[in-house]
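After this come two complexes, each holding subunit A, first together with subunit B and then together with subunit C.
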Partner chain A sequence: MTQNRYFYWLFIMNSLINIINFVPRELMDTRFKGAQTSILAAVVLGTAFVYLFTALMAKFPGKGIQEILDTAFSRVFIIPLMVIFAALWCAAGLITILSFIDITLRFISPDTGPYLVVLGFLVVVFFCARMDSLSLLYGLEVMLGISVPLILYTLFKAVTNPDFSWDAVLQIITYFPHAPDVKSMAAATFSFSGYINMAVFNRVLPKLRLKHRWILGVQGLAVLLLTFYVPIGYFGTVAVERHVYTWFSTADSIGINTFIIERMLFIFYFAYLNLSLTSVIIHWHVGKELLTGLFPSPKNPKSKAKVWRELAILGLFSAVTLILMRLDQYQLNALGIWFLLARWLGELLLIMLLFYCYTVLRRRNP
Partner chain B sequence: MPAQQIVEEVSVQWIKEQLDHFADLEERMLTAPSGKAGLLYIKSITDPQIINRSIIAPFYEIDNTQVYSDYLSSYPGSEEGKTGQHALELMLGGYACVHIEGKLCFFDALKAETRSVSENMTESVTQGPSDALTENLAVNLNLIRRRYQSTELKMESMLIGNISRTKVAILYDDSRVNHQVLDELRERLGTLRIDILQASGELEKYIRSDKLRIFPKTIVTERPDRVVFNLAEGKIAVMLDTTGYAILLPVIFNDFFVAMDDKIQLPFVGRFLKLLRITGVAMTLWLPALYVAFTSYNPEIVRVQIALLIAGSRATVPYPSFVEVLIMLVMMEFLTEASLRLPRAIGPTATTVGGLILGQAATAAGLVGNIMIILVSVVAISNFMIPLNMMSFSIRVLKYLFIIAAAALGLVGVVVCLVGFTMYLCSQRSFGQPYFKMFFLDSLGNSGKQKGGGR
Partner chain C sequence: MRRLLLGIGLLLLCLTTGCEYKDIDRRIFVVAIGIDPGEKAGNFKVSLKLAIPQGDVTKIDEKMQILTEESSSISEALRRMKSKVEKELDYVHCKSLIVGEKLAAEDIRHVLDWAVRRRDIQLILNFAVGRPEALQVIEVKPPSERIPSNSLIMAMSGQGTESPFIASVYAYQLMRDIYENGKNPILPVIEAQGKEQFLINKIALLDKQKIRLVLSANETRLFNLLTRSNLRTNFPATVDDGKYQYYTESSSSSYRIITTKEGEPAIRYKIKIKGILEESSTQEIVTHSLLRQISDAGAEALNQEVGALLYKVRDSGLDPFGWGIHYGARHWNNSTEMRDWERLYPRLKFQVEADVGVKYSGMIR
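Then we have the complex of A and B:
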């Protein structure tokens, strides 16, 4: 397998991380009012986005989003755009890290001070996000290699549990025929938005030739359906709304009888901590790359200016995290849902911009 | 090589002046009916037998000084000193200077005192060859050329060190080597300015690109079969005269967990052994940290029986678990370090006193829990499962990082540290090549193309 696989890893990372970014929460809110049709619509839309975006990026091999936009727009227009996109990527990492801190404090170490935990997370993210893009892709691959088997094991145990209520799942399926809800749909497309990281990683993966992109659609559908149905099978159609971190509560309901570790929660937590830290690292790396691209590259290759810029940008991200630590669960939830919607619009905007750049390119050299 | 023309600036007198106060400088005049010849050499580094047989005896046997001069200059290994500096280098390198009728000829008579090929000490295997590289470059090359009989095996040599003048040989398989890496190595060796170079590890330190690092980026080995195996995999071997170790580069993380008898074993056994080693590394890295996390932060993670067992064994321990772990681990490091330096005869005493009595007494006194003793022994033993010493030392140091993280944040700290550790590994490069990633996925798609390496 060649470089292509890294694209799929980025996709899988995002689709697995959705359960931390309040996607199940949003789906559960509308479970009687069209969540399932929203999922279907999200699958169709998400796959279409993936196809469009990768097809457009393939026209600009080895270029990041910055270089592509430079071909068609003036700098005055690009700078605010880049700041907006960087803010979106920063927010993606931010929400993952904030909700994961909340999860950690609630499920794993209630005694540890929240600021100690956030510092621990920020230190590792801070240093890793500065690494070069290719190293991060290697790291992502290793992390998926560790986490995905554990997640699959959790899923297997979850579905084969005799106490899993298939009746509840069947009952919720009867609420299928409803018009899709826009917010739920936007939230569900988060599972598909891993491709958007290619905006920066395209630089290091110049020879991308994607085959079988439909697999992404199938995988996204499977992840979304599991995300939606499994908690309902555990908590019932109504009680499921009482849980903020639906999936962690679900994992906490599963026991392992024949192992040193008794509760599935810890295995699941371990897998997801790995994965979400990696995803924060990657999202902030993209955000950092977008912002550093705005500065002119220093003439002197040994100059420390680049390092200071990176540190300043990541420091800014970290500072925002520390400030937003004060949010309570309601506010965090609201922020998460706001982000899911904003991100979807951002993706739409990015694809339209890319399409415009492509038409400009075509007009220039037909 | 013609030595006919008279070298103007180099005269015997000049050389003798330069080598003033050399008590072991020997000068002889050979006189025969046919003519005269002068002989000048440093006694301590020249072989008297060569001087006798190849220089003095032929002089009296050959009647003609002209023929004798031709004989000397055509003898393999003899050179003419072009400049004064070169002449001095030759003299110090064990050449004898013969001057006949104003012509100077330098004759190779180096006596290299080395031990013979002996059994390897640091990387032993159960079956398979057990000869080790020696301090003599010629012998080492012999060991390798004999195992790698290919025209593609190229060798370049250079001298490094202003004083030590150490011969360095770069070996590589031309058809398999990554030429980018080779150029980078050449450049780094070429720009090296040092006085003394005595050990492979030293050279490794000089040619590294990053100042601060924890993982070895080159393999230092004494096994010729490992050198050959890696040459066939497209790696480059750097060998030094006067040291019994070769440097292999570029390497990847996984290379450090390959023992040479993996290839000898049956496939499943070999895989199993490798898995064993990786498990060992995982245990030595994480067991102490997880112990701290499970006792001090998250006892609810493990089964309740285990949690009670640990708590029971720690009932008398008067300090937090990470102090306990640190005390025992440091004690173990002392033992390992001490038994390395101790004379052979006292070695067993140290182990008995340290390991058995100390461990027993410490638990009896209630300073550490019983489980802690088991854990420390597991950590100590599994640390030495890594076949290559350099990596084993790195891992030994790294586990403290995990313990500190566990002491600060519990399980969360261990996992955060694991993420950072993996990312750090992935960001490393050995001579521009990736150091750690899922390498086996790279070869999955094109399994038809098999790389060399004697599989």
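Then we have the complex of A and C:
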């Protein structure tokens, strides 16, 4: 359990953050046309990916993705691959931070300048993403400890509200028998892709012995179903598509009578502020590690070259964020959906590459 | 490096002054909005009730101000009102929106769209219809009120009075019901009675856009009995010439859409009430058998009244209870179920089975 739990934390972080990354949007769009079967398919596929990936990574204890690929491929091949993967991880953080900035501006402080909010978030992410991998995992554990109880409380309040329309939820359930939609399914598998961060964190968790991996499937299913059904209970089967940030609007619809704060929105926002910043930090950390791995390690241990590389890479990520701030709501949405698809293909590619490396390894030492 | 970080951190701390760079003494809080039709057709007359922040809580003396402006759009009216006050108008604490009866008789969707679209207005905003005008309702200032508009907020949200005649409707519910197939929205009606009192004991039934029917106070109570659990109220029962009132300690109701033996569609309502005897017109000692008789008489009276309400609602062609979506939620033929329902709806029969159990005779027998 000592090291195993960090793997589960990474997984839970990703599955909870899905509501920021346009997964509900994609599911709501197909709610009459197979969103629910897409969820089921995503659970099966996602769990299969988790099993495959962790089983393959277990063959390479203590190694990051780069060291593994080095065993089977030449550098000419690895460099573009690493750049692509780093770009995907950068995009993962990018979508989260951009949509969270948008949420902050809409719900919390409409009068504050957008660039001030961006800078505030970027400063935190920029410096935290440079920490070493193990410290980040410890930090993640603490942040989950703060956020998860608040999220559970929100869920509890959301479902026990007497004005929750169970008939609307049941009505949507009667739309179950439809063929799954590929885009919704790819989007829903995002809830399961927390495992992929092990591509780098495997270096610091060499003694990973995963048990009860099926729990991840159950947890992912529960998160996806709640993500999908709870907003429908609040906004009905039809009007739900009209809300831009479905889940934040849902949180805004929950009132707490007996607490200091009356609006659930602020509690929910606080929980997700922690969680999404942590997730951006972790994704960018992985992206940064992938890119710095491309450079030869400096011969002089006191050389500042490593620091400058890290700063340059994170600076690049931040610059992209600042540039993409110009996107409007629909462009950001389209970018998010594009990312969800691209990320899924990227995961598939990564698993196939790992499998190839594993066969090479088997052939060398049978 | 550490120093640099520390420096940046300290610098950022200076930015966290709160209140988005405008302190509370430069803000004025809108606590209620009233929207009426303007004098010119198509215009809106928007009225705001403003609460003025005060320092000392113990010496609070209710201070409020009402602004009114007419314009062709709601936003325009609000922008113009900014020039009438010296402070920034802040809508974050707005808890109620009153739509004038005349406007609600035409179309409320415009107002709802505005309220839901605006980012600083909460989705737990109470919607209501103001009679005769929204402006009169927000002008009401009961003597028991210490914080502006608090009485309205307390009454509407059910945090203060637990009146069985008040149904509260939040913005998200109104929006859900307006767009939902197989359900129609409702709104509570607030009547202004002079400058110091209001009366909330009716609900208006709307089709997808405007008021079609207003229920009486008694019907409103029965409506609430059918839509909420544990409604705190009293109901009458008559045994021989004795008139009794019992108080409902707990109540619950549920319904099923069934097909009767004759093949007709019907809705069977089951109402369960546990009560305490609260009032008796006779001097008789209440015995066990009398308590039974009161229960049965109460159930019979309830059956009659609820049945009459249900037929009235059905004849209006509206569906405030959401029977349509209930029907859809239990049928899997999604492409045809709503058409089926529309054919069934006018032929619906109602069977009300009230189960009243008056368990105690109160403190005396």
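Operating definition for what follows: the second predicted complex is superposed on the first by the 365 of 366 C-alpha atoms of A that agree within 3 Å, B and C clash if a C-alpha of one lies under 4 Å from a C-alpha of the other, contacts with A are read in each partner's own complex, and residues count from 1 in each chain.
Assume a contact is a pair of C-beta atoms (placed from the backbone, for glycine too) under 8 Å apart; a residue touches a chain by one contact, two chains touch by 3 or more.
Since the model is a prediction, treat every value here as computed from it, not as a measurement.
In the superposition on chain A, contact of A:P162 is made with subunit C only, not with subunit B. Once the two complexes are overlaid on the shared chain, A:D252 sits against subunit C while remaining clear of subunit B. Of the two partner chains, subunit B is the only one touched by A:R5; subunit C is not.
In the superposition on chain A, A:Q171 makes contact with subunit C only, not with subunit B.
Of the two partner chains placed around the shared chain by superposition, neither subunit B nor subunit C is touched by A:P296. In the superposition on chain A, contact of A:D132 is made with subunit B only, not with subunit C. Using the contact criterion defined above for the overlaid structures, shared-chain residue A:F235 touches subunit C, although it does not reach subunit B. By the touch criterion stated above, A:P80 is placed in contact with neither subunit B nor subunit C. Judged by the touch definition given at the top, the superposed model places A:D111 against both subunit B and subunit C. Counting contacts as defined above, subunit A residues 109, 111-112, 116, 120, 123, 127, 263 meet subunit B in one complex and subunit C in the other.
Put simply, subunit A touches subunit C in their complex at residues 32, 106-107, 109-112, 116, 120, 123, 127, 162-163, 165, 167-171, 173-175, 177, 234-239, 242, 249, 252-255, 257, 263, 265.
Partner subunit B is touched in their complex by these residues of subunit A: 1-2, 5, 104, 108-109, 111-112, 116-117, 120-121, 123-124, 127-128, 131-132, 134-136, 138-139, 141-143, 145, 260-263, 266, 270, 273-274, 277-278, 281.
On the subunit B side of its complex with subunit A, the touching residues are 297-298, 300-304, 306, 405, 408-413, 415-420, 422-427, 434, 436-438, 441-442, 444-445. Per the touch definition, subunit C reaches subunit A in the complex via residues 5, 8, 12, 15, 20-22, 119-120, 122-124, 157, 159, 170, 172-173, 175-181, 183, 228-229, 322, 325-326, 328-332, 334.
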